[in-house]
Each structure stands twice: as C-alpha cells, then as structure tokens.
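Before anything else, here is the set of structures, which you'll find just below.
Next, two complexes with chain A in common: one pairs it with chain B, the other with chain C.
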Partner chain A sequence: MLLSPPGVLFALIGTAGLALPLVQFKPNRIVTGEGIGLHALPLGLPLAAALCGLLLATCLGRWPAALRLAAAVSGFVTVILSLGLAASHLTPEGNTIARVSPASGFWLLLLAFGLMLADAVGRLRPSLAMRWLMLAAALGLVAAILASGLLDGVSVMREYASRRDLFGREAQAHLMLAFGSLGAALLVGIPAGIAIFQAPRWRGPVLGVLNILQTIPSLALFGIMIPVFGWVAASLPGAARLGVAGIGVFPALVALFLYSLLPVVSNTLAGLSGVPAATRDAALGLGMTRPQVLAQVLVPLALPVLLAAVRIVLVQNIGLAVIAGLIGGGGFGTFVFQGLNQTAMDLVLLGALPTIALALVAGIALDLLIQAAHRGTP
Partner chain B sequence: MTGRILLGLAGLVLLAFLAAPSAFAPLFQPFTRNNAPAIYTQTSLLSLTLSHLAIVAVAVAASTLVGLVLAVLVTRGAGREFLPLARTVTAVGQTFPPVAVLALAVPVMGFGTGPTLVALFLYGLLPVFENALAGLTGQTAQVTEAARGMGLTPRQRLWQIDLPLSLPLLLAGMRLTAVISLGTATIGSTVAARTLGEVIIAGLLSSNTAFVLQGGLVVGILAVLIHQGFQALERRIRGRMGLA
Partner chain C sequence: MIEIRNLSRLYDGLAVVDDVSLTVETGQLAVLVGTSGSGKTTLLRMINRLVQPSSGQVLIDGVDTATLPAHLLRRRIGYAIQGHGLFPHRSVAQNIATVPRLLGWPRRQIDARVDELLALFQLDPAAFRGRMPHQLSGGQAQRVGVARALAAKPDLLLMDEPFGALDPLIRAKAQDDLRQIQRQLGTTLILVTHDMTEAVDLGDRIAVMDGGKLLQYDAPARILTDPATPFVRDLIGTADRALRLLSLARVGDIAAPGQAEGPAIAPGASLRDALAECLWSGRDALPVEGGGIVTLNALRAKARPR
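What follows is the complex of A and B.
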C-alpha cells in the first residue's frame, strides 16, 4: 500500500492546525484577542514548512515504527517550541499585561502529533522495560522544556509565575487528596473485600450499598460532607483538634474515599474469587493454615486485579479532586473554578493541564505495573 | 421482587416530589438554617430535571451513534489500520478527568449547555466504543465459521450477525455512559448549563444543605432507575438470544 491511512488522518488534522491560528494575542487577560498563525511569525514559514513536510512524509508508504516515533516526537517538540517562540516574539519587551495563549491551531497540531505518537508506540510493541523508559523519557523531556524557560512567555506559564507558591501548595493538596483517599480506601476496602469473600451472605448488601453510594453525583456528595463534618466537629469533643472540620480538605477527602470503596471492594472480591479452587485446595493440602493460604496464595494471585482497582481509583480521584476546589478543599480545582468565575481561561488551563497530566501519568504507570504483575502470575 | 418494589416506590416518590416539591418542604426543613427556604424555587425542579435528562439523552445518543460507527469502521476493511490507534486513544481518553474536559471546552464554546454536551459526548464515547468493539470482535469461532458457511456477504454478516450479537454489550456500554453522564452533568452547572447541578451549587453557595440534598437525591434516584432499566433490557435481550 502506498499510503498509510492513519498517516493521512494525522496529516489532515495537522494541516488544518497549520491553517488555523497558532496563538491568540490579547492586550490583557480578559479581553478577546486576535488569532495569529504560525506563518505570520519570524522563522514561522520554515517551521510551518518543516511541520507540513513531516506530516506529508509520514502519510507515504510504510515507515518503520521507530522512525515514525522519532518523527512524532520531533513534530511534538517543534509545535511546543513554536508556541514559545510566538509568545516571546509577540509580547512587547517589559509588558506584563499582554497575554499570548495557545489557540485552536496549536491544539490541533498537538493532537495530530500526539495521535502519531500513540500510533507509533502501538505499532512498535515495546517491551515492558522499554515502556518504562519511554515514560521516563517523556517526563524528562517535558520537565526540560518547562525548566528551559522557553515557554515562559505563554499565558499559562505567566499565570504560574505570578502564583508559584500557591501552585506548589495546591499541587500538594491535590496529591494528598488523590493518594490519601486511595490509601484509606485500600486500608478499609481490602479487608472488607476479604471479609465478604469469606462470608458470601454479606456480598449482596455490601456491594449494593457501595453501588448506591456511587450513583450520588460527586458534586452533591462533596456538598453533603460539609454539614456532616461541620456537625461532627462542633458536637464531638476532640474531633476539631484532630483536624475534622466542615470546610477544607477533610470533607473532600472523605467524599473521595467513599467513591473509592466500590472499585477496591469489588475488585478484591473478584480477584480472590478468580483464584482456581484447585490452587486453594493444593495450598490447604500442603498443610497451610487458612490465614497462610490467604496471605501467601490468594492475595498474591489476586494482585493484578487489585492493582486494576488501584488504577481505577487513582485516575478517578485525580479527576474528581478538582471538584474539591469548589468547596474550599484545595487542589488544582481552585484554579479551574477561579478561572471559570473570572472567565480567565489561562487560569483554567493552569488547573486543568496539570490534572490531565497527572491522571495520564498515573494511568500509564499503573498499566505498566499491572502488566508486570500479570507476568508474575501464570 | 422486593428490589423491584423498592425501585417502583423510589420512582413514585421522585415523580411526586417533582410534581409538587413544596409538599416535601417539612422533610427538608431540618436541613436548613436561619429559616432559609427548604425547597429550591428559583427554577422549577421539574424543568431542571427534564433539561438535565435531555442533555444526558442527547449526549448518550450522540456518543452511542459515533462510538458504534467508529467501532464498525475500525473492525473491517481499510479501517483495520486504525484499530491499534483506536485502542490506545480510548485507553488514554478514559484517563482524562471529565471536569477538565468540561473546563477546556468553555473557551471554545462559551458558557452554557454547549461545553457540557461536548464533555459528556467525548467522555461517553469511550465506554460505548470499547464495548461495541468487544461485541463486534468477540464472536466465537463457530459463529464466524457458520456465517461464512452460510455464504453471508460481509455486509450481511455485519447486519445479521455481528451487530445483533453485540447488542447486549453495547447496551452495557450505554448504561455506563448514561450513569456517568448523569452525575457529570451536574458539574455542567458551574459553566451555566441548565441541570440539577444548579440546585446543588445554589445550596453550596448559600450553605443550604437542603438544596444540596434534594439535587443530589433526584440525580441519584434517576441514576439508579436508569441503571436498572438498562440492566433489565440487557437481560431481556440476552434471554431472547439464548445467551444468558
């Protein structure tokens, strides 16, 4: 075949991106700005030509997957560098009010090369170790670009620069919400899953209650937690001293914990039930006690299913923790909702982009862990 | 049986509440403070519920249509080239937080129902697509062989074998999408979509727990009813096809 169909799709998306404005220039943060294309920038024409060439070249014929990967990465980096270039060129010297934000063209180009990257990685079928390396390399590349200061003129980075300390605190709060609720859910959920595995009578009621909990909209669950903990803090002596309060991080943490219980409990049960009866009998026949069978046979064999629960919960909680911003629980949601209220989209991006990145990295890393765990079990 | 009676009761209570919310005021009064109103009256709860359901229905219908067409495309002919890509994209796409998608849709579409629809549509695509893919490719070897032996053309095979057999899985995907969308649509009210989230947010802003509770309860009951409805439909179809 002369043309690679996915390549044609990427080229279509990418050329559309080249035709649309790369950035939006705004004299200040709130007003709507004007779109500026890549070709209108100094060095823009050769850059656009290079990107166009890359997109067209990858349409043709059958490139080896490794070469495709290289093309995708270089395209990706070029698009990001063009954004930085546009920002530093368009902002007048010393002006701190003007904003240059990424526009539709930038996002489409990023999408085109991102899809190309995904396609290439999928075709390459890298080994597990290679995948870890790729993840680390991607993180390193992003960190290097951010640290190099090339993007400092871009609106999101300006929002970041003006609230560096706050960003660090909210990042910490976000991680604490996501991982703290995961930890609590594992501490409670795994024993609960083991308990209903051994007492089948309780499976229906426990899973039923957790299922219903899951249907309460996140916004409402967060909202209900506020008065509940406000009341606990006010009426239980000592509770307030332990950090229990109606506002802040505590209600958000508990709401996330409640959402996390169902995946953990049901996957623990599924993982334990999935161990063949013959394996269990063999372990008992070897003279192991029941607790030993549980700890040395059942739980290790159920590990991949348990890790799958960790993946579901972690990715879900990183996303849901955004809502904590609405009830004063901190996290990246603070920026998202502040930005939405002020219609300052750069601020929304400052909250949304790290959340997406965090969820992506957590999802990929746990997928790799699950694969590794599957290898350990037959 | 008791489950069904409980569901029916929940549905009836919901209908009664939506028809005459003020009759339930004494129930919600204990959750208010300083004589705040117990029932949200800015907009009628019934119209908010209908608008909420309409947004979810449109989003689910759109994501089902597009997800199914995409799944059919990538499982035959030249589209097969896209299969590995489609799998990667769905896996990656599912890690995107719905709130972030919603927030990112605002600069493109402005405030209102638009960004909510887009976010729900995009987020709903993945379960439908994944399940449709599993349904379309998961036929047993015997079925494939039999279809070939009967001399069915690829088109006939699609319409008479693959699509009908993947229906239960497709419905399961739609169920997931619908339940997730019901909850996520409430967040749409932060960008001015007309959903029941409006009630919850009003409650959050005026620290009126009664509002938060009634908004959350209506959405929760709707979610349970829709979940059970889809499951009943799945069981019926499975039973008719002799799968269950």
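What follows is the complex of A and C.
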C-alpha cells in the first residue's frame, strides 16, 4: 500500500494546524488577542515548510517504524520550539503585561505529532525495558525544554514564573490527594475484596453500595459533605483537631477515597475469582494454611487485575482531584478555578496541563507495571 | 495402613458418602471407581480432610486423622488432581518444592529432592527446573503434578482422576510409569477414576461406589468374575470381561513344561497378549522365553470364572 491511512489522518490534522494561527498575541492577559500563524514569524516559513514536509512524507506507507518515531519526535519538538520562538519574538522587550498564548494551530500540530508518536511506538513493539527507557527519555526531553528557558516567554510559563512557590505547593497537594486517596482505598478495599471473596453472601450488598457511591456526581458529593463534615467538626469534640472539616483537604480526600473503593474492591474480587479452582484446591490439598493460600497463591495470581485497579483509580483521581480546588482542597484545581474566575485562560492551562501530563505518565507507567506482572503467566 | 471406618458425609441431610468402611494395606494401590455423583471424590477428599466427615473415622497407621490439624495432616499426604493444579506463577522446581518448603526443609535438601524427582519422572532437571507450567505439555505437567505430590516422601498418595486430561496414548504411558514408581517407592496410593479399564489395569484393590455406598471392595479378578451387584456387573461390562481377566495375569505364571514352534513370548507379557499372538499366528501353543510353553487350553481355562 502506497499511502498509510493513519499517516493521512495525521497529515490532515497537522496541515489544518499549520493553516490556523499558532499563537495569540494579547496586550494583556484578559483581552482577546490577534491570531498569528507560524509563517508570519521570522524563520517561520522554513519551519512551516519543514513540518509540512514531515507530515506529507509520513503519509507514505513504506516508512520503517523507527524512522516514523524519529519523524514524530522531531516534529513534536519543532512545534514546541516554534511556540517559544513566537513568544520571544512577539513580546516587546521589557514588557511583562503582554501575553503570547498557544492557539488552535499549536494544539492541532501537537495533536498530529502526538498521534504519530503513539502510532509509531505501537508499530515498533518495543520490549518492556525499552518502553521504560522511552518514558524516561520523553520525561527528560520535556524537562530539558522547560529548563532551557526557550518557552519562558509563553503565557503559561509567565503565569508559572509569578507563582513558582505556589505551584510547587499545589503540585505536592495534588499528588497527596491522588496518592493518599489511592493508598487509603487500597488499605480498605483489598481486605474488603478478600472478605467478600470468602463470604459470597456479602458480595451483592457491598458492591451495590459502592456502585451507588460511584454514580453520585463529584460536585454533588462535595455538596453533601460540606454540611455533613462541617457538622461533625463542630459537634464532635476532637474531630476538628484530627483534620475533619466541611471544606479543605479532608472532604476532598474522603470523596476521592469513596470513588476509588468500587474499582479496588471489584477488581480484587475479580482477580481472586479468576484463579483456577484446581490451583486453589491443590494449594489447600498440599497443606497450605488459608493465609498461606491467600499470600502465596491467590494474591500473586490476582496481582495483574489488582494493578489494573490501581491504574484506573490513580488516573481517575489525578483528574478528579482538580475539583478539590473548588472547596479549598488545594492541588492544580486551584489554578484552574482561579483562572476561570479571572477569565485568564493561561492560568487555567497552568492547572490543566500538569494534570493531564501527570495522568498520562501515571497511566503509561502502570500499564508497564501490569505487563511486567503478567510475564511468566500465559 | 489406611482404615476408613463408617465414614459418611451429608449435604443438606442427603448422604453423599454413606457409611463406607474399607482398609488399604501399606504399599497397596486402591482404586475408587464409580459414575459421577457416586461419592468417590468426596470419599477421597475426606481422607485428607478437604471435606470434613459428618461421621466416622479415618485412621492412618492406627492414628485417627481427626486428632491432627488439617494442614499438618495434608503435608504428610500427597495430593494430585485432574488438570494438575500447578501454580502458574511458580517454576517447575518451585512447584515441586511446595511441601518441602512448607515443612521447612533446608534449601540444599530441597534442591536435591527436586532433581531426584524430575529424573524419576524422566524430565531432564537442567532443562525443566526453571520452566513455567504454561511451557509444559499436558503429559509433562501431569508428571510434575505427581512429582509435587511425592516431594516430601509421603506414605500415602491421593489422586483424583490424575489422567483425566491426557490423550489415550500418553495416558497409557503415564499409568505404566505411575504403577512402576508406586511399586518402587512402596507408597500406599488411593486413586479415583470413572474408568473401569483404568481401575482394572492399576488397582490391587477396587472399590466400586454408587449413590454414596460402597458396593464391592475386592481384587480386580474378583470384581470381574464375581460382581456383587448388577450395577457392578454393568459397570465392568460383560462384553470383554474374559479379555480383561486375561490381562490381569502374566505368561510366566502359567508357563508349563514342553516344546512349541515359532517365536517365543516374554514371561512378563499378559495372557491377553499371549491369546492374541496364538490367534494371529494360528498356533495352539507358544514357547516362553527362558523355557516352557503356554497353551491355548491353559489360556482358555484362565479366561473363565472358577
């Protein structure tokens, strides 16, 4: 086949991106600005031509996967560097009020090369170790670009520069919310899953309750918890000192914890139930005690399914933790909601982009762990 | 010696095993045979207390098994099941080492025992030690399952349809190997099957069960020639019982002095093989290797109940 269908799709998205404005130039952070295309920048024409060439060339079906990967990475980096170039060129010397924000063209180009990257990695079928290396290399590359200062003129980075300390604190708070709720859910959910595995009568009621919890919209759940925990903190002596409060970190953690329980409990049950009956029978028949059967046979064999639950919960909670910003729970959501209130989209992006990156990295890393846990079994 | 005394198991008031008593002598191979739902597997599982008896006793060398903690009892009794039940996340060596590790054997002794057993079951230790169960063929996995059951040198081995998942060719070989290893080690063995041919081929004693009751417990020849109930007779089938009876005895046992023409037959061959050879070559007598003959008349006499 002469044309590669995914390649054609990526090229269509990418060329549309080239035609649309790469950045928006705004005299200050609130007003709507004017869109500026890549070709209108100095050096912009050859850069645009290079990107266009890459997109068209990868339409052809005959590329080896490694070369496709190289094309995707170079395209990706070029798009990001073009953004930095636009920012440093467009911002007047010494002006700290003017903003250069990424616009639709930038996002489409990023999407085109991002898809190309994922497609190339998929075709390459790299080994597990290679995948870890690729993830590390990608993180290193992003860190290097951010540290190089090439993007410092871009609006999001300007927002970051003026909130450096706060960003660090909110990042910590976000991680604490996501991982803390995951840890608590594992501590409670795994024993609960084991318990209902051994007492089938309780499966229906327990999973039923968790299912109902899962369907409550997150904003509604926060809404319920504010008066409930507010009342508990006010009327139960000592509760407030333990951190119980209607708003802040506590209700945010509780909400994320409750949402995490269903995946953890149901996957624990599914993983344990998936162990062949003959294997369980043999373990008992050979003289293992019940705790030994659990620790040496059932849990190791259920591990891939358990890790799948960890993946679901972690990715879900990294995203959901944004809502904690609404009730003073901290995290990247703080920037998102501040930005919405001030109609400052750059500030919204300062909260949204790291959240997306975090969820993406956590998802990929856990996929790799799950694959590693599957090795050795068919 | 295993003594089962008045053993019963009730589920919801219904007896799945109903007042069964039988004794297996040390070193004997007893086969529990019956249709599905006959209670044979439940009876087997009450011996290592995977099923708790409702009433009755199991004594091993005079000791009531109910006086021991169940998991300690099971570590002294080998257990192998249909579909082998190997632990898929553990290597062949780790699977075989399961019970010795539970018993806290020193590492070096465990390693030596694993290699010894692999060699006994004709699996090259160097090649198979590190393999995972999914890398084994059905026959190899079955052998590893039995090796695991024998790892801690149990005096008693329980097997539940151990050959059920094997194709006929491999099954015949596995049965021969098991019989040989059982004789060599002197292990008492109780095996469950629904296959009467397997029971006759393997058993020193056969226990026929139906509806939870023990119908007959006897040597294979007695079961064939003198079935206790119509059910037992139906289970063995009447069509080829003469041939089955012949398959139980060896040529060497009935060799008589004399001379005969043609190629000789081995003294270890079964009478069934000797009969087949007579018919095929059109002879009335065959010379036996090492002297003597076996005659068609002698075979005929052996193929009938006395």
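To be clear about the criterion, the second predicted complex is superposed on the first by the 374 of 378 C-alpha atoms of A that agree within 3 Å, B and C clash if a C-alpha of one lies under 4 Å from a C-alpha of the other, contacts with A are read in each partner's own complex, and residues count from 1 in each chain.
Rule of thumb we're sticking to: a contact is a pair of C-beta atoms (placed from the backbone, for glycine too) under 8 Å apart; a residue touches a chain by one contact, two chains touch by 3 or more.
Only a predicted model underlies this, so the values are computations on that prediction, with no experimental measurement involved.
When the two structures are aligned on the shared chain, A:G319 is found in touch with chain B, with no touch to chain C. When the two complexes are overlaid on their common chain A, residue A:L272 makes contact with neither chain B nor chain C. Judged by the touch definition given at the top, the superposed model places A:L186 against neither chain B nor chain C.
The wider contact with chain A, measured as residues touched, comes from B rather than the other of chain B and chain C.
Applying the stated contact rule after C-alpha superposition, one finds that A:A302 touches neither chain B nor chain C. Contact with chain C, but none with chain B, is seen for A:L284 once the two complexes are overlaid on the shared chain. By the touch criterion defined above, A:R123 reaches chain B but does not reach chain C.
By the touch criterion stated above, chain A contacts chain C in their complex at residues 276, 278-279, 281-289, 292, 297, 300-301, 376-378.
In the complex of the two chains, the chain B residues touching chain A come out as 31, 78-79, 81-82, 84-85, 87-89, 91-92, 94-100, 103-104, 106-108, 179, 182-184, 186-187, 190-191, 196-197, 200-201, 203-204, 207, 209, 212-213, 215-217, 219-220, 223-224, 227. Chain A makes touch with chain B in their complex at residues 4-6, 9, 104, 115, 118-119, 121-123, 212, 215-221, 223-224, 226-227, 315, 318-320, 322-323, 326-327, 333, 336-337, 339-340, 345, 348-349, 351-352, 355-356, 359-360, 362-364, 367. Chain C meets chain A in the complex at residues 48, 50, 71-76, 79, 81-89, 98-99, 102, 132, 134, 145, 148-149, 158.
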